[in-house]
């Protein structure tokens, strides 16, 4: 069955979500991934938004985390303070998996969604952190969506908006952060993970038709590709659910 | 702060009375939802200048204020507006052109700063952001801070946990409170004294209100006091915090108002197109904001069919099957 | 913390599973209202010992736990119970006889400590109490604190405002967070997964729940999930925080439950009489608590007429013209 | 018209409340005083409780601040955090007048509602602060209800639960507290106020039939009585309103 790269990315992310996870969702493809997980393999996962809705029913895809569509059928509709407390609090926070996007990611999984160029006089300004810095600070597992382009995988991010492993092992601990950090970077070419000891990014999987070499060519820094294997493509079942149940209007896919 | 007196006012009068050039302003809502747009457009029409704004993620509202040149300084977590403008376009342009001074925070940082202001505290604690440039880089210099008593002397402070490793924390971030001169929010229901009932997500509106020296409420409906007081637990804002109440149906349009109407994707896409070019955006302001004279004038331009199309479904609170491309 | 599974349980089973000897416990409600009395009496029947309790002003509930000898340590702001006992009688006796260790706080201090626990912070800030003995005198010694990892190393800390005189504050008090092993609250409505809707004043219940490692909800009614989710904004507690849900009509009796029943002045006066004498109070426990076997047994002793007399009026939420002498 | 001392006390307190004040109420006589003020001279005053009800309608007298009767017809029913924030916050807090009771008060208006004897081994234990310490810390004006007895007006309180002027002028400022402190102590014999400069208690008024001498005899410390005048008794109108509108069931009077 044919599929787009965007569909592949959504399915790859969905596969990272375990049953019982509380899934912090942003806008766009992260919402489709969370919905797909809930429909495919993690029916007891709980979708929640920084704006305060917990366990949203999502009858239609929201176009922003403030979209009234996130409120429908939720267990509770609080506010930002409630949502972030749920993550900062270890009792609930340890069950949260975050899904984030960014303009840049470095080899330690640090993210930039603020600007390119000097902060005080930027060449390109982006939206800024939103809740990303908070999520990355608080939760034990994060999935990061990226497009594989050289400038998006720089040696050093122009502005460190959301913490990955900072400068490597002990980086978070030294800074005073909770344990955590990204678990997977999902791109249009493959899936990167982080070494348990060095906290450095490595290539875990490449999509059918993509070579590890091509992935390296699209990054400024180099990563270990020795453990990489080809990722199984989306199944027909996965694709059908994604298309029919998650985004029938094709708003995001 | 307000008394128990009636506070009904016309929008232009309320903005004139409370929003002064150079004042510190926060508006309610979040990206596409419940931004007090009628008030935002009236501020633009009254050509207010040099506002210092505080925003977590007020997409539409803040971007129009910036575009119209009302804003000099901005503490902000997020300048984005859903699909129509993943980064707010006039915000981006103003920052890249050095037209506004900004300082970056996270959404939790900004929410906490309003919370501290509402609680009457000088600062508040969080474990978010240590090791990042949000903590390490300041937008406002020490020198600028030392000259302006309305800005705290530091962006933030990191201290060791004075209770050893209680709760597993070795260090924490302290963030200074925000107490805006004015907060403006748009709600579904209010009475003439200013008691408000917000339906659906509350974002940070209640804290933004309680932190502010003066508060303007715009609302879809003025409701009888007796009616609101049958369920006091559903009123997030008691009248004691409110200075002015303005009745403005469709007062959040073109952003959404849960249970009343949806955001207008067509309008937001159109603004995004204009916003990409300075001249086009000025034409847009001339036509749709200055040219409209009032919010009712603006709604008349849109036409009743278009607004009817956005009407919220009773069960879901939004416009089901709305064309949102 | 709980999952999305169903959590319905019998009361004795829930207490047995989550309330262990020596554990740290907080209960919801305030003096005369929504104390989880059915759970309190079950804890007494199961003869739990050495509890470390955290209370702002849980009059009736805490006093019975103390009277029955379940409590060793207590962080408390207020031990009083309305007209029937301006100072809780068994609390007073236990303190005067040195039977429990206590540490005094104010109601805001205790509320903030729960708030910090709910927020996942090691401590929280206030401007209350500087210069008083609440700040200057500790109930738990440094030595005792250093031996017990479940108690913070200090009662509190005073620091200079790191942001100069921002908000007019020169100094502030830092209070350590509370994260109880168990919180038990009684609510009007819950679903079988633990999502709760509290009617009327919420006191600190939601923060006490969110701060706790395990949570038992007792409720007047089990409501359909679909029904509760029609108005998510009125549900203060989503199921993710809850470990067990127990259906106990009259579960707050003899304290009040807004919209369901009033407190029972006759019963509270009677307990106060018994409480003044050790022997009489033991007889009281034997008869009304141990002797009742279960909350239903206790309610049966009271009789349906007596309970019917407390039934809340639909308009006001309490029993109008109840004889409250 | 005949009246009891308790009625006199309630009326004296009611006279301290100005129109527009937000009145922090405890249980008992303070509630009657606040209701009396609202019915007599301060119709725009706002009654509120530490449990979170703001502008309660009070169709029946509540027996505790958690009594469901405080919820009826309120503008909002929040929680403790909302109530105390309203006072800690200078924007609203400066409009609040607190009404407090205590077991002891000293010449600087410091209150004890915790214990008699040594704190670690008290002879008599009382309820403790409740919200009193918070109110006394935050609000600019406080009324204190006391019974005039020697042991209740000691040179030094056994435990300082709620701050008055602490050790005198600058006491609050040095401790780090906001400006504030008690404005009147209303007893069964008269009304005491505090000198603007020394912050010491003085006798401002004595009730008909009571002499300043008798008041001094009922205090451990001495106060200036040179400014004291006889207080006008409750008017018929005041008494009628108090009895008919505020406590018709005679639960508290």
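Read from first to last, the chains carry the letters A, B, C and D; within each, the first residue is number 1.
Keep this in mind: a residue touches a chain if its C-beta (ideal position, glycine included) is under 8 Å from a C-beta of that chain, and two chains touch if they have at least 3 such contacts.
A quick note: this is a predicted structure, and the numbers were derived from the prediction, not measured.
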Chain B and chain A - chains in contact with each
C
CA centroid of chain A to CA centroid of chain C, Å:
40
Distance from the CA centroid of chain B to that of chain C, rounded to the nearest Å?
37
Whole-Å distance, C-alpha centre of chain C to that of chain D, is 27
Going through chain C residue by residue, note those that touch at least 2 other chains and give them in order.
120-121, 126-127, 167-169, 172, 179, 200-202, 233
Using the touch definition from the top, which residues of chain A touch two or more other chains?
53, 71, 77-78, 81, 88, 90, 138
Pick one for the touching-chains graph, please: line, ring, star, complete, other.
other
On the basis of the stated criterion, which chains touch which? Give every pair.
A-B, A-C, B-C, B-D, C-D
Chain A residues within the chain C interface of the complex:
20, 22, 44, 46, 53-55, 57, 71, 73-78, 81, 85-93, 95, 138
Going by the contact rule set out above, which residues of chain C touch chain B in the complex?
116, 120-127, 152-154, 157, 159, 161-164, 166-169, 172, 174, 176-177, 179, 198-202, 233-234
Residues of chain A touching chain B in their complex?
27-28, 50-53, 59-60, 63-72, 77-81, 84, 88, 90, 114-115, 119-134, 137-138, 159-163, 166, 171-178, 249, 251
Across the complex, what residues on chain C touch chain D?
29-34, 56-57, 59, 76-83, 86-88, 91-92, 95-96, 98, 104-109, 111-112, 115, 126-134, 136-137, 139, 158, 167-172, 200-207, 256, 258, 262-263, 265, 312, 316-318, 320-321, 324-325
Which residues of chain C touch chain A in the complex?
1, 3-5, 117-121, 179, 193, 195, 210-213, 228-229, 232-233, 235-241
